[in-house]
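In order of appearance the chains are A, B, C and D, and numbering begins at 1 in each one.
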Amino acid sequence: MLEVTDLTVAYSLIEAVHKISFKVPVGTVVTLIGPNGAGKSTTLNALSGVAPMRGGRILLDGQDISRWSVHRRVAAGLVQVPEGRLVLAGMSVRENLELGAYRRPRGDVAADIRGMEARFPILYERRNAAAGTLSGGEQQMLAIARGLMAHPKLLLLDEPSLGLAPLLVRTVFEIVSELRNSGLTILLVEQNARQALSVSSYAYVIESGKIVLEGPAAELRSDPAVIRTYLGQGV
Amino acid sequence: MAQLSYFFSVYGSLVNFIGINALLALSLYVTLSAGQLSLGNAAFAGIGGYTAGILTTRFGVPYMMSLLAGALVAALVGFLLGMPVLRLRGVFLAMATLSFGEVVRIAAVNLKITGGAEGLMGMPTHTKTWFIYLMIIGVCYFLAKLRYSSVGWSFESIREDETAASAMGINTTYYKTLAFTIGAFIAGLAGAMYAHLNYIITPGEFGFSAAVNLLIYCIVGGSRVWYGPVLGAALLTALPEILRGIGVTAGPIRMFVNGLILLIVILFLPNGLVSLFQHRKTADASVLACVGIGEE
Amino acid sequence: MNLLLQQLINGLFIGSVYGLFAVGYTLVFGVLDILNLAHPAVFTLGGLTALWLVETAGLRLWQAFPIAVLVAGLLGLLLDRVAFAPLRQRADTYFSGLISSIAMAIMFESVALGLFGAHTVRFPANTVPLHIWRFAGVTVTSLQVEIVAVALLLMVGLTQFLKHSRTGKAIRAVAENDRMARLLGIHVDGIIAFTFFISSALGGAAGILFGLYFDSLSPDMGRSIELKGLAVIVLGGMGSIPGAIAGGLAFGLSEVLTVAITGTSNLRDAVAFAVLFAILLLRPSGILGRGRMREA
Amino acid sequence: MLLDINNITRYFGGLCALEGVSFGVESGSVHGLIGPNGAGKTTLINILSGITSATSGNLRLDDQRIETFPAHKVAALGVARTFQNIRLFPVLTSLENVIAGQHLVAPRPLLPRLMCLSGTRRQEAVYQKQSMDILVRVGLGDRADFPAQHLSYGERRRLEIARALASRPRLLLLDEPVAGMRREEMLGVAALIRSLVREGMTILLIEHNMAFVMDLCSQITVLNFGSVITTGSPAEVGMHPEVIEAYLGKSDHHA
């Protein structure tokens, strides 16, 4: 599905990500974990085309999309749900969903919205409310639902559990496993490494813009180095 | 010597205007150096000009005293205006100072003592070229010394990041008001000198276009060092003459060239014309920096 | 009483033109957070283009109007490409955009000056067939009614377009958060260019209506409305379309009422700017604003 | 107790960012402040440094109430800080950034400068030497003439610490000082913090890197959803069941 080789990203003169390579096979969930500032979100943004790529190659279904514009990537099914639940706060919940389908033919959208509202009833109840008035958990549902409206082939999920109460974190990860079970390919970035590893099949550990470790998620969960640094033994 | 006196007989008033405009540009530079975009400096010049003009014509106050009074009154108004408006940022500050300027202009049109729309007349033409340039040198000296004093570092810090500046112990309200007041003082002084250069001043000379012109001088010359505004004012004030010299006489074309220069500078020389002359030490260092980082 | 009513009606007419002008102004600010100071110059060129089409090309006004509006829209595209798009990635994009738009304004005005000369011109008599209605001591001309109708139609059309159309929603998405809009697959640069097109088209339409209403057009007519437009969008809350419409009407009414109450037109603008100044100090987000304050 | 935080609450609109936060920071200690993203740590630092005001509650610095003080007054009492999102002065050089940070301790009066008094030059040399020493101390001695915007991420973080140190604070608030740093750089910062504390400085440290926090801090306060879960020694905090759940997610869920 996705194959990234030697991806390098630099903001102004400073490199944020240095020659990283990874793969997301079709139908799997792959996770990038690592500390704050390691370059996880930057990597996702480079995949979406909103961070400046300095080198490397991104293959989506064997096609080199490295030079594609953002909207072309979205149209091709590479969809990001960004960090911090970036809903369009002043627009209604319904409008947010509609804009999720911006790159799709108009005819199918109404049916999709009905489907999405059936799946997340709260989005139907609050359909006319400004998205900014939703609670944190509801906004995250909306952000994910909006991402799904684009019919993604590959969903990039950036810190979906950020700032959510433990109960909601669990709900969000339940949604992620449902999506995985329905066959969607997902690249997940998470600080909550324990939860993230439990829903993924493979994971990469990023530190200071480089991949320092990779392996099947189950193995990383029992790797002493990962446990010490990310699963926080001792805390 | 004869050539020089010929030059002055032809270009004397141009040289004077360059000087006045340079002073006005310097007044805006002070405000900009503390990160505050003011469109009120033309109005401060008007306040200084009218104050000084009224004092000399109506009350027979000596020239030098009237200059001082004009500058002080402008500074006082700047201080009083600065306290409330400097809470505003960016475009909102620009517009508040702009509307203040308009109110001043309209007041000058409507008041009797200012001579209404026809302007204030009868000022003794005491302002001499050497005096204008002496004042410029004085102001430049002051600003150059100010830059590396506590006040100058505070202005610089506020311009770069107001929040960080306040966390370093800089009383941002105090220093912003100070910058605004110093700017108003210099503008008032320039206005007072202008009033005694020309025999007459009119409200329209201190309106919105004048305010925008000052901004243009600073941007084209460069607003990060004190000589930038002087350079900008000199070049742009002389531009019509320069263009005439190369055969461009039509007004619209001169105007077009004016706009074009401004556009080119803002697109390609964001730090103004002075960046063409500045030595490249820091630029070289930055190149080294990226090489160093690339190797890591 | 009838005099007051007549004044209120006149205020409504001119206010609708202000509103139309300000709607375009505020649209660009809402989407880009940038003040497009070339908007008044587009307003001027819109009016003068329509005049040229009627007078020289011999078109009827209903034919000339859409063509001139289209030309104004194209000028907006030019503005975006030349003055704004190159600065978009820069850290001081808001400040440099302000300057580059001033540069474009100067060039546009010089073009108007070069093509149409410095004198005031007017639409030929009978460009619009004129009926005069009188009732209850109030006089209303068909031209006034048509101006209000066209202005309201355009403003309501824009509001509906932004609210319901797919592109309109995309514009609002870009206004809220351009990064997020990009991630949704919205072609942000295209949307911004389109926003400039609409904004400038509306500005041009306002210029035509303004020229018809006052029966005079000149290359510097934009200056007379420039500051008022700024005042209107601050009054209505920067970036708010309904705010700009309401602000335009309020401004028109305040002007005629000031004239009616003071008996002279001298203080017409002073009251408006004093109100603007007060609003900036007391409630910087404007009366109907979204409470959005730009950090400079 | 150098700093006493008592019942601090902060609302943003209807949203509660901090609720009844209370803890004390011992003089001469490194006090850690941890918690998941969005827990309210940065809001608290902003309130402590006077950049944001608290909705209610009070703050004492050496028994002086400071919760109503604006940022510059708090700074004048000896509180300096760094910012999570790095707020250097980008076009100024490293040295100039530190010089700007000397505002409170290095008066540079204008009048003697205008009169070109000879003492000015000597005084300036002393101040510049002090700034340079601080740069050397954070390991940026060779970067003095570089504009801050051209420094690497880790260098910028260290320069921010240097600028904060320039005001010779008693209390230093560090907001994620080693985020994005390489391991060697991180060790350097840890050594710097230790030596500052040896000289009597008090440090309140926000950091995500657990090993770093556990290593340096004598006391740790854990924040979650705007409330304090617990304050205690690293060992105590590590055992606290609520901390484990809040900070790491439910460990029993999938493990």
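The rule is simple: a contact is a pair of C-beta atoms (placed from the backbone, for glycine too) under 8 Å apart; a residue touches a chain by one contact, two chains touch by 3 or more.
Not measured: the values here are computed from a predicted model.
> From subunit C, which chain is the farthest off, judged by mean CA positions?
So the farthest one, by centre of C-alpha atoms, is D.
> If you tally contacts for every chain pair, which pair is highest?
Maximum number of inter-chain contact pairs occurs for B-C.
> Taking the mean of the C-alpha atoms as each chain's centre, how many Å separate subunit A from subunit C?
Between these chains, centre-to-centre, one finds 42 Å.
> Taking the mean of the C-alpha atoms as each chain's centre, how many Å separate subunit B from subunit C?
Subunit B and subunit C have C-alpha centres separated by 30 Å.
> I'd like to verify one number: the distance from the centre of subunit B to the centre of subunit D, where each centre is the average of its C-alpha atoms, in whole angstrom.
From the centre of subunit B to the centre of subunit D is 40 Å.
> How many angstrom between the C-alpha centroids of subunit D and subunit C?
Once rounded, the distance between the two centres reads 48 Å.
> If a residue has to touch 2 or more other chains to count, which residues of subunit A qualify?
As it turns out, subunit A has residues touching two or more other chains at 13-14.
> Among the residues of subunit B, which are close enough to touch at least two other chains?
286, 289-290, 293
> Going by the contact rule already set, what residues in subunit D reach two or more other chains?
Only 90, 150, 152 qualify.
> Tell me, which parts of subunit B touch subunit C in their complex?
Going through subunit B, the ones touching subunit C are 35, 37, 84-85, 88-96, 98-100, 102-103, 106-107, 109-110, 208-209, 212, 215-216, 219, 250-256, 258-260, 262-263, 266-267, 270.
> Spell out the part of subunit D that touches subunit B in their complex, as residue ranges.
49-51, 70-72, 75-76, 80-81, 83, 87-93, 96, 99-104, 106-110, 113-114, 124, 143, 145-147, 150-152, 163-164, 167
> With touch defined as at the start, can you tell me which subunit C residues reach subunit B in the complex?
35, 82-83, 86-87, 90, 92, 94-96, 98-100, 102-107, 109-111, 113-114, 118, 223, 226-227, 230-231, 234, 238, 266-267, 269-270, 273-274, 276-277, 280-281, 284, 293-296
> Across the complex, what residues on subunit A touch subunit D?
Going by the criterion above, the answer is residues 12-14, 16, 35-38, 159, 161-163, 165-166, 169-170, 191-192, 194-195, 198, 208, 221, 228-229, 231-232, 234-235.
> Show me the residue ranges of subunit D that touch subunit A in the complex, using the header's touch definition.
Against subunit A, the touching part of subunit D is residues 36-39, 149-150, 152-153, 176, 179-182, 208-211, 214, 225, 237-238, 243-251, 253-255.
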